[in-house]
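I've put the structures underneath this note.
You will see subunit A twice below: alongside subunit B first, and alongside subunit C after that.
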Partner chain A sequence: MGSVVDVTEGMFFPDEKNVMVVRDLSKYFPVRRGLSDVILRRPARFVRAVDHIDLDIPEGKILSLVGESGCGKTTTGMTLIRLYDPTSGSIFFEPKEETLDKLKREVGNLDIYNGYIDIAKLPAKYVKFLRTDMQIIFQDPYSSLNPTYRIYDILEEPLKVHGIGESEDERRDMVLKALEEVKLVPAEDIAARFPHMLSGGQRQRVAIARALLLNPKFIVADEPIAMIDVSLRAEILLSLMELRDKHKITILFITHDLTIANNISDYIAVMYLGKIVEIGTPDEIVNNPLHPYTKALIKAIPIPDPSMRNKLKDIWIKGEVPSAVNIPSGCRFHPRCMDYEFHPEIQERCRNEEPKLIEVEKGHYAACWLY
Partner chain B sequence: METILKVEGLKTYYFTSTGVVKAVDGVNFTMQRGESLGIAGESGCGKSTLAYSLMNLVPPPGKIVDGSIILDGMDIAKMDEDSLRNEVRWKKVAMVFQGAMNALTPVYKIGKQLAEPLVIHGNISEDEAIEKAKEILPKVGLDPNIINRYPHELSGGMKQRVMIAMALIMNPDIVIADEPTTALDVIVQAQILNLLKKLKWEMGINLILISHDLSIMAEVVDRLIIMYAGKIVEIGNSEDVFGKPNHPYTQGLLNSIPKLGTHELNYIPGLPPDLRNPPKGCRFADRCPYVMDICRREEPPMFEVGNGHYSYCWLNR
Partner chain C sequence: MYVLGWRGVIREFFRYKSGVVGFALLMFLVGLAIFAPLLAPEPIFYNWYVPTYWSQQTLPKAAPPEWINSFSDKKFAVRQVLDPINSYESPSAYNFTFIYNYQYDIPTYDIYFEIDSSIANNSKMLMLVDLIRPDGNKIVRLIDLKIDQPFVRISLRSLEESIRKIFGFGLAYESEETRKNITERGLLKVLNPMNVIFSSTGEGIVFGKTKPLKGRYQFNVVIFKINPSNKVNQIKMIVTGSVYGLLGTDALGRDLFGGVVWGSRIALIIGLGVAILSTLIGVVYGTISAYVGGWVDEALQRIQEFVISIPVLPILLIMAYVLSPTVWNLIFLLVIFSWPGPVKTIRSMALQIREQLYVLSAKAIGLSTWRVITRYILPQILPYTFALVAFSVPGAILTEAGVSFLLGSQGTLEVTWGRILNDAEKYSAVLTGMWWWVIPPGLMIALAGLAFVLVGNALDRVLNPRLIR
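Showing the complex of A and B:
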């Protein structure tokens, strides 16, 4: 078929080359129907976890996806690397050359756009070929490593599965090198241990080493420091930044903490109830937030300065997050929006029309009728 | 100033099959009426164990092995179970337990679950507890009818408000909130911290806030205790601890807080010691950038480094 649209041309970061270009992507989960739903023949309902999003992911950069619990961050990450099958939309991804060759051989009619393929359309049985290119690091370092295996075996397994490394010796070298890469030294000593003999921070670095072993282009790091002590978090973050700088690995960093996103990312995307509502550089997002939701997130961040403790903190948002099953009409944020309160002239639009992500200032995008 | 709580030489150990975990190992501090006190430190340093000790409710194999906890002229550390139930728990000292909001069982209504700990540890009937809960719920921003709902119908923030209401039912003097916002989003966290402040101002609650997150402490507490490996390493007014941190551990912790507007990332290399076998001198010595010979030989005593500001570090010798 081929295509005339140049999908490698992103829409958000003109100065970047993108490893991934996501267009109109959705992931809905069916809500379990109760007996009364069936009897009354109520229509099936869906959790709209990811709801028609556009995103570009620049190569060799860290892009943070930020938002409150349940807004769809994990679902986005899992869908982008095809751990979930998308409901609709496209994910154009540029695989490694050898992966592309393999896919060309295996898949009958593979559409290739400038070296990119739409992995959203890749039939499930070929998804395994993407694992050498895309990996995920999970939040919980306690459950993500099999407790009955030694670290060495945990790390060697993916190499065996993907037929990487000619001999046992070669694989051993790769495993030890990966441990050294994330500063788990002496690597031989660490490799011989079981997960319970490591601290949470060390385990999380094992998870990073495991993701690294297949030499992926793209890593989704899903809240990798949420369960790690504050005093040790920076160590993990610095490891991730080193992967970016030394190996040009692209990272989608998922967090609910804007302060951390601000510290490690090149770009930030803010998500609310299945939608991306703002995209920009960390400095822009933090110093000049455009979307009222982003403003609320920033105002709520606790500040390590005791001089304000005798006042209540100003909370720039109303109520609680609605369910992703009954998404409000128009701008889905309007029932909670403070700017809505203060701008009667836009209220009708906010209630009825969904705002699109537009470039409000150079390189800074927001989906809000204020702009 | 009126001292409402005085803890001296407190030791609480866990007697496990692999050794004795010295989770709280010789802790001294006082709390004045009207002040909010914070207890901060890394995971496993003994914050929750200290909190449980203040209610004399340490779960087995843990035990208070030494020291005193003086409240209203009584020594809670030495009281028998009956007096604790009748006079202390929930009535004088109540607690919002770490992780409890996620331990609500799905099968019972909120009201029943709210009443249960009070019935067990506090000599009050279920009906009475539920009646009292109805009065308290509006104070934490909830509709009293919530007692007829099930946990899955509530958001995380609402569940935590229920837990706070539970602590308030018997009108206690001291409320301990153990990591009350750790599982919550930043906006809900800000709402809960505002609620705790309001309760303090409006109901005269003496709050003890426990958290590993120093930013949260700064938002709420007047005085701050920094714990490391079962011991207090620094204690002082918030202004002093944040403005002039004395102990190298406190300095390291403050440095590890990621800040908006900077792109600096710092951490404290190394790990805390095993509490079954803590090192003999200063427990922080292995991670301390300023470690000296004496630090490894002798435990640092308490040094007064400012007005009401104390630090356990040999650098002040």
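Showing the complex of A and C:
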């Protein structure tokens, strides 16, 4: 069983203990075929939203997944917590002890690798047992709360569903405490309201409180500040960092904004068109980007210096994001890559062979034929 | 989607004119249905298809409504129940005098005598009626009849001997040729004897072509006791008139107002019952189809499309004929064919709601599919189902009317608007100008449909998320 143990030990962060180890994970969405496609026997086509990715998620840390919209980062987040069923690959996850006990009891032939289970292979009907361990905070707080429920009911529901709390009173205390924890006070007053009576920031904190109530060890935060007033963003970010520091919760922070990722995360993974192209610490990613795509992202960050305002920034990328249905051959970034232009010697390779993530510098991985 | 409270929905609803009008019409129909027993006695409902019941009601047949007298310059005789103005008892006989003051242009349909008496076993009394017209002419022994039961109701028109006498009186004024013509061709059967009694003398009296003879008609009734212990307790003369009630009567003398009023009950029960049941089924079906998705969705949609494309009426007719055609069976059959109606709409709404983040977050919390459907999706759809119910009522009422109309006596056992129309058609009411037999039930069907369409339109505007402004 030696090789299996190796897998769960991870390959990107040797100094960390990983709460989740993702190997060769894919999520394809079938493109609906018309009648003519069926008759003409055209092959089924897929949106390859997540395409054979490897990733380690270190325990008690914030890992940011950065990429432009449509690159598959949200799909990755949802697949990791089994809101989507993966097409192929493995997600090794170390559940809480009581969850593992429950799973052992319920699932007939559960393979346990050193305390980890492969949740990608877990049958759909057992997935609900994972909900106490992994939660998600959505991007849009305006539609992530049931408009017909009061805040109290929204927060009490997860407790009821999972049989947490002995009595109504106990659950009530837990709900009010959770509201206070995300600084929604007076909690009694907030609990009696409907979602439409709260501001976006308040709603997002309700969503955080709901995720926290189940006491998860892993939270996917899917662009949680994208739709919130700029003035309130810092607060949400601070409460996420507090979750990490106080509750030792692991967070996968999904964002398109490299500066925010730089500020709050311990590690950053950069994603392009369903593939992870670079992994490293924020410091290395920002100051020493290796992959041409990361370089382009960093060059695109506006510099708050008035003297620059008349200068056109040189853009280190060309064209548009290709469709995830027709992914370019070889390195999927090569049609947009500027380094490709300047390095004719590797061009053939870029066009035909897909690069793998390799450790270019210590703890800094990139998937590019330049290295 | 924003949330209106119940009060908000009601307030919004009445801001639309169609809502107010529809609600008023609906209340009118519901009022008719609820207060039917007060508006028309219950036996009308139970005995609608019992001819003996209606022959006891002494109503004129094929009579237009009473209020027609306000619009027509020819006045119709109205119903009158007369007591004798004079009664005299001798040891051998009773003498009663009835005075009927006739001031109309169209005579009564019939005249009844009701006699309540005590008769010794195997004995009988003899009744004779003489008529003295205002012009002094007499018809002697207009009625000559034996009474052998304690209670008798005598219809003048059903006594052949009397009719012969009446025409005999009238024919005396006709030309030789006409008399021959009438007797040879047996036309007497189709002529109205009442015209003869209530018209002035002259040529054409048997056709009622002479002027109406207005004034006091005296009916002298003599009842011979024969057995001295026989007694007459009460005697009444009923002039049926030639108009009746609010909506007149049909060819069998049934009070159409009663039929229309009680018909509203059946129409509403069938309409609402079918609409509510089929919408409920359709909503649950559409929601499950949308939420579960995949091949389940495919299969459910194909089944729905199959059922909705079945031509309903012919199959309904056959099935209603084979099953015993009660109202409940009809509801059952209509539901079987009408549940697919709202499915597509509901499915598309549920598909939209399914993609809402709060449904995904419910999944993330670990809610079961059933709980997500019942707690997250159905409550969002529920308000709109009220509009759907309102929209599908007219269809159900129309189909019921259609089935009842086509099946007639093979259809429902209860009186419905459709069956009244079926009867009207059977007695060619339209061809004989009996508009009061056709228009009221037809209008009620249209009104019921209109009421629910108006209410549905207003509800749709208030509750359909895509139309909310």
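Operating definition for what follows: the second predicted complex is superposed on the first by the 365 of 371 C-alpha atoms of A that agree within 3 Å, B and C clash if a C-alpha of one lies under 4 Å from a C-alpha of the other, contacts with A are read in each partner's own complex, and residues count from 1 in each chain.
The rule we apply is simple: contacts are C-beta pairs under 8 Å (C-beta built on N, C-alpha and C of every residue); 3 or more make two chains touch, one makes a residue touch a chain.
Not measured: the values here are computed from a predicted model.
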item: Clash-or-fit label for the pair subunit B, subunit C on subunit A; value: fit
item: Which superposed partner A:Ile264 touches (first subunit B, second subunit C, both, neither); value: first
item: Comparing the two partners subunit B and subunit C, which touches a greater set of residues in subunit A; value: B
item: First, second, both or neither for A:Ile303, with subunit B first and subunit C second; value: first
item: Which of subunit B and subunit C A:Pro158 touches, first, second, both or neither; value: second
item: Contacts of A:Ile136 with subunit B and subunit C, given as first, second, both or neither; value: second
item: First, second, both or neither for A:Tyr126, with subunit B first and subunit C second; value: neither
item: First, second, both or neither for A:Ala234, with subunit B first and subunit C second; value: first
item: Overlay on shared chain A, then closest C-alpha pair between subunit B and subunit C (Å); value: 12
item: Subunit B and subunit C contact sites that coincide on subunit A, given as residue numbers; value: none
item: Partner subunit B, residues of subunit A touching it in the complex; value: 68-69, 199-201, 229-235, 237-238, 256-260, 262-264, 282, 286-287, 296-309, 312-313, 315, 317, 320-321
item: Interface residues, subunit A side, partner subunit C - complex; value: 78, 81, 83, 127-129, 131-132, 135-136, 138, 140, 143-148, 157-158, 161-162, 194, 196, 207, 210, 214
item: Residues on subunit B engaged by subunit A in the complex (per definition of touch); value: 42-43, 155-158, 185-191, 193-194, 197-198, 212-222, 238-239, 242, 252-254, 256-269, 271
item: Complex contacts: residues of subunit C adjacent to subunit A; value: 1-3, 356-358, 360-368, 371, 375-376, 379-380
